[in-house]
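Think of it as A, B, C, D, E and F in the order they're written, each chain with its own count starting at 1.
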Amino acid sequence: MAYYLLCIKKIFIRRRSSSSDSERKMRIKVIMSTMASSESPDILEERRKAYQAMARPDTEIGVARVEKGSVSIENEYDRAIAVPHILQKVKEAEDEGYDAVFITCFGDPGIAAARELVNIPVIGTFQANAMMVSLVSEKFSIVTVLDDVIPALDNLIRIQSLKGRLASIRSVNIPVLELHEDPEDALNKLTDESIKAVKEDVAQSILLGCGGFTGMAEELQNRLKAKGLIIPVLDPGKTALKVTEAAADLKLYNSKSAYPSPRDKERRF
Amino acid sequence: MAYYLLCIKKIFIRRRSSSSDSERKMRIKVIMSTMASSESPDILEERRKAYQAMARPDTEIGVARVEKGSVSIENEYDRAIAVPHILQKVKEAEDEGYDAVFITCFGDPGIAAARELVNIPVIGTFQANAMMVSLVSEKFSIVTVLDDVIPALDNLIRIQSLKGRLASIRSVNIPVLELHEDPEDALNKLTDESIKAVKEDVAQSILLGCGGFTGMAEELQNRLKAKGLIIPVLDPGKTALKVTEAAADLKLYNSKSAYPSPRDKERRF
Amino acid sequence: MAYYLLCIKKIFIRRRSSSSDSERKMRIKVIMSTMASSESPDILEERRKAYQAMARPDTEIGVARVEKGSVSIENEYDRAIAVPHILQKVKEAEDEGYDAVFITCFGDPGIAAARELVNIPVIGTFQANAMMVSLVSEKFSIVTVLDDVIPALDNLIRIQSLKGRLASIRSVNIPVLELHEDPEDALNKLTDESIKAVKEDVAQSILLGCGGFTGMAEELQNRLKAKGLIIPVLDPGKTALKVTEAAADLKLYNSKSAYPSPRDKERRF
Amino acid sequence: MAYYLLCIKKIFIRRRSSSSDSERKMRIKVIMSTMASSESPDILEERRKAYQAMARPDTEIGVARVEKGSVSIENEYDRAIAVPHILQKVKEAEDEGYDAVFITCFGDPGIAAARELVNIPVIGTFQANAMMVSLVSEKFSIVTVLDDVIPALDNLIRIQSLKGRLASIRSVNIPVLELHEDPEDALNKLTDESIKAVKEDVAQSILLGCGGFTGMAEELQNRLKAKGLIIPVLDPGKTALKVTEAAADLKLYNSKSAYPSPRDKERRF
Amino acid sequence: MAYYLLCIKKIFIRRRSSSSDSERKMRIKVIMSTMASSESPDILEERRKAYQAMARPDTEIGVARVEKGSVSIENEYDRAIAVPHILQKVKEAEDEGYDAVFITCFGDPGIAAARELVNIPVIGTFQANAMMVSLVSEKFSIVTVLDDVIPALDNLIRIQSLKGRLASIRSVNIPVLELHEDPEDALNKLTDESIKAVKEDVAQSILLGCGGFTGMAEELQNRLKAKGLIIPVLDPGKTALKVTEAAADLKLYNSKSAYPSPRDKERRF
Amino acid sequence: MAYYLLCIKKIFIRRRSSSSDSERKMRIKVIMSTMASSESPDILEERRKAYQAMARPDTEIGVARVEKGSVSIENEYDRAIAVPHILQKVKEAEDEGYDAVFITCFGDPGIAAARELVNIPVIGTFQANAMMVSLVSEKFSIVTVLDDVIPALDNLIRIQSLKGRLASIRSVNIPVLELHEDPEDALNKLTDESIKAVKEDVAQSILLGCGGFTGMAEELQNRLKAKGLIIPVLDPGKTALKVTEAAADLKLYNSKSAYPSPRDKERRF
């Protein structure tokens, strides 16, 4: 269905009235950037509970999922077709009064465009993880699912000017949707590639370069420690949540010199 | 309308049989990345003729235009919503047997995703212009339409690792669609900003950072020369066409290590 | 008093038993990196309350201050003589069971050495601010107290590989200890320099490059907004606290490949 | 023979009258940068025909060769002694009315000085190849003849600010003049090094770093494809020709802010 | 013992009257940055003689050693606690009328702070070696004692903007104080790592990344030459001395825009 | 006159027998890179005396001058035609038993090629000055004679990977050969541009970007000091001499991995 959108408002509106700040919870919305597979049951509520369990006591979590796009994001093409649907979910979150959002995909799809569209902080999982790991190491390696993903991650590194922090990007060569078919195999391959990253590429920490690795960080960290490698391994989703909480708590808003609001004009979707 | 696309072919097909190479024309498709305004008449045929006039004698030009997206691309948001429609047009061009395509927008929307999707060369106007101007100068400045566009151009500079070539980005602060309301005014402002770029930012050449400036390069170049400044000014569209012809003539194809083909999976548009 | 320290333990000890995690508060220690002036009253408790007021409900704040060093840190020399005393306070914090520390000085004195010495996260105010502001802008300017401070901040930018994020460093040319003699004057100068940073240096956000500016960020942000500049301005101390809370919540620890534990050897202080 | 040159004209002359543009062919001169070996027969006419066969139907090719210098260019010394003779040939080409020149050596000898001396485009083989390959890949490796050549290529990478595009430089360790003694051996070694570049250095495309490899690109590309590597391999000479045609077609001229014309002064050759 | 230092003079004093320049020797002080081990005999006079033997005929050498700090500097922590004591020795050297100083540690501890404190040149061993080796090679590798030292050397590379000159950093994994227990073993490992640096990391020269390697450079250089590798290997101490002599001879002084003099304020040590 | 050179020896010969080292003077040859003007008297002996006066007591100076090339080097063209003649003079110096050479032109013409040709150190004036000034400042500006020279200096900055050290390049816009027509005017303009470099470009030190400024450094340094700017200004020639003395004293030789010896082949001059 095609329609015209003629009126994105450019007036800057303070998003939380300061009077009610102390009285109400911080509200954060998790935007899942892949559409549900036709075979998989609905997992929105399950994910909401998982994030709520990781959240601060004063945080209230909401979850939304794109209805179109791809069932997994593994290259620039998958990213490109998901972005318009992610943008819509981000806008809805702001309209619903959320204080900040984060996007679950490690490829940070659409964060610049989303920051143009809304005033609330829009956190990308990759950027949040790269930031936090730089507090406990100088150089990180990313271990991701597929070699296919590496060029898109390379692009992110350049966009975020993080070349000076990167040791290497490696992959376990398992597609996202097959990750949970044999989690033990995935974990073994993660361990192997992480050790190579430390020994051959001088990595000092590991980022798990796909949301699908959620829940594997602590075990991987322990396995490395058992081999004498005191190497931080970050959980992608939890790290993004904590950075989003910090951003919301600080009441940050998007620089309009960096992310200019879309002008009124004819558009069709 | 939602549907499932399950079968992007990953088999690599040589796109022109070598036997017929010498006998037929090189075919290039121009992809216009902005949708038509509801008020403007159709200009596809007019544009085709203009590009055909600039083309080599052995080149046949086709033109396609996105049906959705924005009427102008002035920030990351406009770019993001145009990209899926651009990708569709690129795919159609390959299916129709074109040898190469170029995308008219100076923001190079979707070129990485498009190179994943097809085997034929996909040329971005910005990248083509930055390349050619580096043959006749060491550092270029971009003069674009609006300050709003500058952050997106900065992103392009980082993605293409061109920081070492950039003198500055300046704007005339006229929206794309108003450029042709008073072309003399636009040209005067272009001249002023170009002179500032040369004198204050050490620019040695000028790129016109918007397809809307098409046709103004030669006059601007002459005005600079009249002031003693022997400074190349490139025409965005013509330059992109010439680079696309060269790429097609060389029968280049996209590296699948750089631009991996989309895997078969559920997608919905 | 001179003594020998022969036994820094290299054994890695998990710092919070997981059993008690949910039952007790997160404990964060603020390390003030300048010694008290001989004329100034004790402000430790006042500061503790201020940080406690900014903290999450589940955070307990402690504050410590170096007993030696300088009353203000305005160049590399001041930083160098403060560092050994800061290291001592960081070590004490770990021994007291704190989950993370942050150092109030914007020059991040001693953070690499401190991370070698302890396992808990050690957050520098500059690094934390540079991270958070990169979520809402692409390029920041720092406005600091004195021109004297600029070379040391330049060093930090290089150490943290943040050149690609920096628009400029400017100063109001008021020594730290005179900042609060005429706060209105300081704020006016901050506003002037921030506007110049935005207009002349293409800054998209402002970092206040000295702990002495604490409390001025919101007012400055509002003044910029009143001039139509939607430009985030971060409060140095509050931002560092929020990042430290996130790091502690994630139970991050220091990479020993990046920050090797000091070996046993003769040392004298 | 020594003489004085006192009068390089600094007046800028438009090189093709626009009236005759459509009526006559584009004229391109190929400058061979190595002198003929005393044992080899003249190959100028043979080369002219080869380039003419690769050229556009509307291009007329001329070929010139330096009379002095080295029989092959394999380090900075060989390059330095060839440059004055190359410059002379470039100047002659402009005087003869050519529209553009390109220099066959992959080391781009003398292109900056040549651009100072003439107004017509002067294309270096390396720069042209690095440009075109960036349209179909993000990172290229160069495979060259000898390890000796690598430092000079490293210099080129720095001069052209292309570090961000380079995966690696490798060599087959065969001197230029021995390349055609056993072409099958050369091709086998090229294939081996190219595969290592892709597998070990993350190359996404291959540049053949010596004019002596001319004619081997297509076969190498096919061999890689047979191993499942869809990796563009560019033919050095043909690529340089196509870029030169594009530059001539666009009527580019050299920026005199980048390449200032030599001033009148005493010189002796 | 704590005391207050209230009066660092900011007046700039020309340090050698020009009248007496030709009549007296150049005086250079070597600052040893590690304290003596409780078991080792005094070596100051021995070192003075060794440096005097390497010095120019018109140079007079003095040697000073820190009384506190560490017996060896192997990470950022060791460096941090040595710096205040090094600064004191540098100040004393200026007060005694020395014309320049150099600091023996390869980690360049405290050089920026020291340049703020005094007007005479303060040379770091690392910086001096990196400079001189760049006259005879494009890319150097550092071979140091321990992996622990590598992150601190990485920091130096960033601080000095020398990334473009570095091939790699390797270590022999022997602690400084054990280097002379089995010098033949140390030399064998140095040779092995240097050959790997040349063959695997494309090093063109070798810097010995620890003062403890003093005296091994020539032998290592000869061993490499015996294997056909014409690779310069610099002696850390002698190189630093020669650069210091050159700086003193040129009567260089420290830029106060780069290294602002410490302001008068309360400080306690 | 044309001839063939077939036998550049590749055997590496130790250039000073160690036995005689202590008994004889260090011998340094100054290579003047511009030919004498037809009107100017011979100045070789005058220059030799001037350099001898600046040299160490144990240094013996020789001077040679190219017989062909240009009377001044002001762009890449002048540099290119001078280089073969400079190379010849460098080779002669090695054959005559000199221990090191330096080349007087600030554009460092031919240093890489020269290092391939000989084993003794070949010092470029620019590289030597950039090195020494980095001991007393973090960022330097170059003030040169003409805007024409700036692109060539920019190339040097890239070749030497010194972008991180450069504040700016400015010119006084006086051709080299007119510098001494009105030295007071030259000095006034130097002062003005140096002050602008410090105030507007954040320069912390000044390099005089042309050999023609020799003798003006001290006066300029004093003028800046009189305005409260403690800014080192280096004398180009004296600085190059001191670095050359240090290199010779250290018996450095050229890395043959960086600067491979020219292979035997037909060459014609």
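Keep in mind that, in the parts below, a residue touches a chain if its C-beta (ideal position, glycine included) is under 8 Å from a C-beta of that chain, and two chains touch if they have at least 3 such contacts.
No experiment lies behind these values; they were computed from the predicted model shown.
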Exercise. Name the chain whose C-alpha centroid is most distant from the C-alpha centroid of chain F.
Key: A
Practice problem: Determine, using the mean of C-alpha atoms as each chain's centre, which chain is farthest from chain C. | Solution: D
Quiz item: Can you give the rotation angle that fits chain A onto its twin chain D by Cα atoms, in degrees and rounded to the nearest 5?
Solution: 120
Quiz item: Approximately how many whole Å separate the CA-defined centres of chain B and chain D?
Solution: 26
Quiz item: Approximately how many whole Å separate the CA-defined centres of chain D and chain F?
Solution: 30
Quiz prompt | Touching two or more other chains - residue numbers and ranges from chain B | solution = 138, 151, 155, 158, 161, 164, 202, 204, 257-259
Quiz prompt | In the complex with chain E, residue positions of chain F that touch it | solution = 12, 56-58, 115, 121, 123, 127-128, 131-132, 134-139, 160-165, 198, 202-205, 225, 229-232, 234-235, 238-239, 242-243, 245-247, 249-250, 252-259
Quiz item: What does chain A use to touch chain D in their complex?
Solution: 150-151, 154-155, 158, 163
Quiz item: What residues of chain E sit close enough to touch chain C in their complex?
Solution: 2, 4, 35, 37-38, 67-72, 74-81, 83-84, 87, 110, 112-113, 116-117, 147-148, 151-152, 155, 158-159, 161, 175, 177, 257-260, 262-263, 265-269
Practice problem: In the complex, go through chain A and note every residue touching chain E. | Solution: 138, 164, 202, 204
